[in-house]
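Accompanying notes for the structure given below.
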Amino acid sequence: MTAVARAAPRRSPSRRVLLDRLLLYGAATFLALWTLVPIYLIAVAAFSERGAVYDYPKELLPTRFSTDTMAFFVGSSGVISSVKNSVIVALGTIVLSLAIGAPAGYALSRFRFPGRDVFQLAVLSSKMFPIAILAIPLAVTFIGLGLYDTLLGVVIVHSAMVLPFVVIVTAGVFASVSRELEEAAQTLGTSRLGAFLRVALPLALPGLAAAAIFAFVTSWNEVFAATILTLRERTLPAHVVASLNQSPLYFKFAGGFFLIIPSLFFIYFMRKYLFNLWGPGK
Amino acid sequence: MTRHGRVLTALVAAGSLVAAACGGGGTGPSAAPPGAVSSEPFVLLSTQFNNVTEREAVQKQILEPFTKAKVDYTGSEIGPFNDRIAAEAKAGKGTVGALLGLHGDFGGLVGPDKDYFEDLTPLANRLKDRGIPAEFLDLGKLGTGKQVYIPSMQATYILGVNKQALQYLPSGANVDDLTYSQLRDWCKNIADKTGKKRCGLPAGPNSLLHRLIQGYLYPAYTGGLVTTYKSADAAKMWADLKDLWQYTNPQSLQIDFMQESLLSGEVWVGFDHVARLVNALQQKPNDFVTAPAPKGPKGLYYMSVLAGYAIPKSSPNRSGAEAFIDYMLTPEIQAKVQNVAAFFPVLDKAMPADLAPHLKALTEGIQKQSKHKDAKVALLPIGLGAKGGDFNKVQRDTFQRIVVKGEDIQKVLNEEGANLQKVMTDSKAPCWRPDPDSGGSPCAVK
Amino acid sequence: MAVRAGRALSFPARIARSDAALPLGLLAPTIVYLTLLILVPVAQAILLSFQAEDGALTLDAYQRMVSEAAFADSLRNTALLLVFIVPIQLVLALAMALLINSRFPGHGIFLYIYAIPLAISDLAAGIVWLSIFTESGYLNTVLTGLGVTKEPIAYLSYENLHLVLMAIVVAESWRATAIVLVILLAGLQLIPRDYFEAAELFGASRWKRTLLVVLPLLRPSLQSALIIRTVFAFQTFAVVLTLAGRQFPVLAYEAYDWYANVFNSHVAAAYAGLILVLTMTVVVFYLRLFRVREGEAAR
């Protein structure tokens, strides 16, 4: 840091750096604890004896460990097959929503054309209406299309629910990608599509990763549409939420925790894409 | 090129996802020769037995032994239940073969422009000698001319009591023969002596508070419900309830299932539907007892909540569904249901001897209530159709305004009474017990 | 690439004069898809809100909606939640994103931890925060155990509505900050390191660097994050319902309740229509406020 001579820090550089580091780690750890404590509590409750969840004072440590509740829940009919369905639907939602939405985000960010703002609002407006109230017309349409009780039907609806997010996020990210880079690539001989694929897309990867994570998680947790559109081919929330809402508290924790696990894996897998491939910043 | 390769892989993956996703689909209507039962599998859509353990038990012990057709149980909350029935009816075809729901669940689906259910009168006639009380069958018509559902389970509301609370009973009070004012004194005692308000009312958003008001509180104080909605007796009832509320745990407004609060100790004396008390008795059988509802000046009124089976018009297997309902109404299966969920048979037969201990305690509480010397039955609302939801809302709103917000009692009763009258006029429903017969004209608020 | 006739115009001018065919082509699938699946049913539902049982046009549903006591409460509460939750989450998420972006050793793990709440459905989040805030819950256990309070406090009682609000804000902030975080982080990735270094070079303190350099460059992402979070805030009610029941009415729950419990889809549609209009208004406000031009951030 060449500014040292001018700024003349009052402390020696190493102590300053140490203090900085301490603050940094302190803040990061505090935030991490804030995030983790409730997850820890769900996990402890899910893996405790049934009565433990009603105790007061509550046990903070897993002193009454038991896998009974979880085992019963996971082993109950339909749970495993609904997990499989949920995975298919979630992955399908990512593919479909990104395929349709990312180009739209690109268009919104790059081009000025009449009605652009209206388009943006129209896309967003589809998220502004509670989906639960649209259940009947959707179900009737899908029965008519022969998509009732199919996973494809759920993928289609979930993609529609996630699409606005994908469009907005990708638009925001593409807007930050310098247009000059694409133009430079084009001068160097690639087509417009090539410039998009080789320049804009990789730079926008963190945004796309964010959109993918969100698509997965939204689809995975979505309850209303999945419930009304499926009967036998149920996703996990459709299968489980009505039951959990009327079950005792310990099942709610077990079910809640079980619902989290696959998303945790997915986010773990995707997290490195949230960073640019070219290292810090550029 | 790697990028193209990735795009290609994505496309292939997408393609196979699509292929995988195109599974399932509804089954066509059954084509069985007349008289025979089709073995086409169908779905039983139910708002009951949704608890994780009950569901497993019902699937394994009750549905699987039914060999005439494969019945897939699908649990549902009331919103999607309605949506699905309406959607399948509108589309003309469906996967749902039979329905299990509460009286009120079906009520929202009948109406002048809604013809979603098969008329089960022939089936009801065939089952005549099983011993279903005629009154229940009548309720199953929901005020329309046809048999919408066949009642097969009943339950009621009683008090769940933590034994620790018994020492605080006011002197001279018998827990099996309380008046509402004794209940209030009891709650006051508990609050004063332990420093915490440990009485509970099921007043949460998904609770059955309206049934408590309709079937217990109103008749016990006024001898009626609709006709006496804004009477002086009613005002007294609300005043007493407000008084009781002072000593009730404020978290009652979030309680949907009393058993949770009983188990956590936040509530020691709680009123709720037996199916929402049973888990407390099961988890800690030595900690709790049951007691009948308190009585008011006009008697100990209680309400029996009915659940039953219906067949949607879009059912893919009508004969199988009818055979299934027949099966559910045999004494053996009724006893099994009782063992599995805290829902009791409608058949007038004796209780099985091998009842699980927690169910025994529950049954005792129920019998103490129905056999009480001052006991009288209040019926579920009949004939409200789609206005059933509005009807319940009036009671909930009245409670919220008087008890929670503290508005002037008579003012609220006048305003909500007007709302109630509108519901009755719109639905054209005649009075039902405990209100006196109105001879076919819409019940009127006096 | 072919040399096109009439290449006299410079690149920026040519691109700026793109005919609308390409962008519309890119947008078309999205528009068609959303229109068929969502917008048409939405229009039908809004029409429903203007109809009576027999189909006649009427304002009854809206009148009914407005005359309920819960209406004013739900409007106020929804606004309160927005006012508190959105800024808190922005600050938290920004702090997290900046921390992560500094790439200190171990930042990958911390990012994963911060992102975990993404995986949690709002129902599960409601349950866990209920178990923290309920009278016999974890918070009271800890506070009475440490001696900070003598008696358990009823955080969720309707008698302490300000505490209820606090509980909801905390729970919702916890649950949904991760969404804002990943958006902001993606945006931060695109700010070239040069800008950070230049600011340091001129002796700007960390705060100044953040405020004057990073925030303006982050505008597109901030806009996206704000919009997304606000749109969701108008729609979610699961956490509110679990923690506060009906004592803290919000618009989204009123819409759902009228539909699923009272079976009155007209009033439900009226509430839903109101939510749509309010959300639209706020989003338009954000769009005006932020006015982002393409590529501005990276120039």
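Should a chain be cited, it is by its letter among A, B and C, assigned in written order, with residues numbered from 1 in that chain.
The rule is short, and it goes like this: a residue touches a chain if its C-beta (ideal position, glycine included) is under 8 Å from a C-beta of that chain, and two chains touch if they have at least 3 such contacts.
Treat the numbers as computed from the prediction; the structure is a model and nothing was measured.
Engineer: With contacts defined as at the top, give the pair, A-B or B-C, that has more of them.
Structural biologist: Most C-beta pairs in contact, of the two: A-B.
Engineer: Among all chains, whose Cα centre is located farthest from the one for chain C?
Structural biologist: Comparing chain centres, B lies farthest from chain C.
Engineer: So how far apart, in whole Å, are chain A and chain C when each is placed at the average of its C-alpha atoms?
Structural biologist: Each chain reduced to its C-alpha mean, chain A and chain C end up 14 Å apart.
Engineer: Counting only Cα atoms for the centres, state how far chain B is from chain C in Å.
Structural biologist: Centres of chain B and chain C (C-alpha means) sit 37 Å apart.
Engineer: Would you mind listing the residues of chain C that make contact with two or more other chains?
Structural biologist: Within chain C, the residues that touch at least two other chains are 136, 256, 259-260.
Engineer: Going by the contact rule already set, what residues in chain B reach two or more other chains?
Structural biologist: 77, 79, 264-265
Engineer: What are the residue numbers in chain A that touch two or more other chains?
Structural biologist: 54-56, 132, 241, 244-245, 249
Engineer: Mind pulling up the chain B residues that touch chain A in the complex?
Structural biologist: Contacts found on chain B: 3, 10, 13-14, 17-18, 20-26, 43, 45, 50-53, 55-56, 59, 72, 74-77, 79-80, 83-84, 86-88, 90-91, 93-96, 206, 257, 259-260, 263-265, 279, 283-284.
Engineer: Any idea which chain B residues touch chain C in the complex?
Structural biologist: Interface residues on the chain B side: 77-79, 82, 108, 195, 203-205, 249-251, 253-254, 264-266, 386, 388-390, 392-393, 397, 400-401, 404-405.
Engineer: If you look only at chain A, which of its residues touch chain C in the complex?
Structural biologist: Touch list, chain A to chain C: 1-3, 6-7, 21, 24-25, 27-28, 31-32, 34-36, 38-39, 41-42, 45, 53-58, 60, 100-101, 103-104, 106-114, 116-117, 119-130, 132-134, 137-138, 141, 156-157, 159-161, 163-165, 167-169, 171-180, 183, 186-187, 189-191, 203, 206-207, 209-210, 213-214, 217, 220-221, 223, 237, 241, 244-245, 249, 252-253, 256-257, 259-260, 263-264, 266-268, 271-272, 274-276, 280-282.
Engineer: Help me check something: in the complex, which residues belonging to chain C touch chain B?
Structural biologist: Going through chain C, the ones touching chain B are 69, 134-136, 151, 154, 156-159, 241, 243-247, 256-257, 259-264.
Engineer: For a test of understanding, state which residues of chain C touch chain A in their complex under the given definition.
Structural biologist: 1, 11-12, 15-16, 18, 20, 22-24, 26-27, 29-31, 33-34, 37-39, 41-42, 44-45, 92, 95-96, 99, 102-104, 108, 110-125, 127-129, 131-132, 136-138, 140-142, 144-145, 152, 174, 179, 182-183, 185-187, 189-194, 196, 200-203, 217, 220-221, 223-224, 227-228, 231-232, 234-235, 252, 255-256, 259-260, 265, 268-269, 272, 275-276, 279-280, 283-284, 287, 292-299
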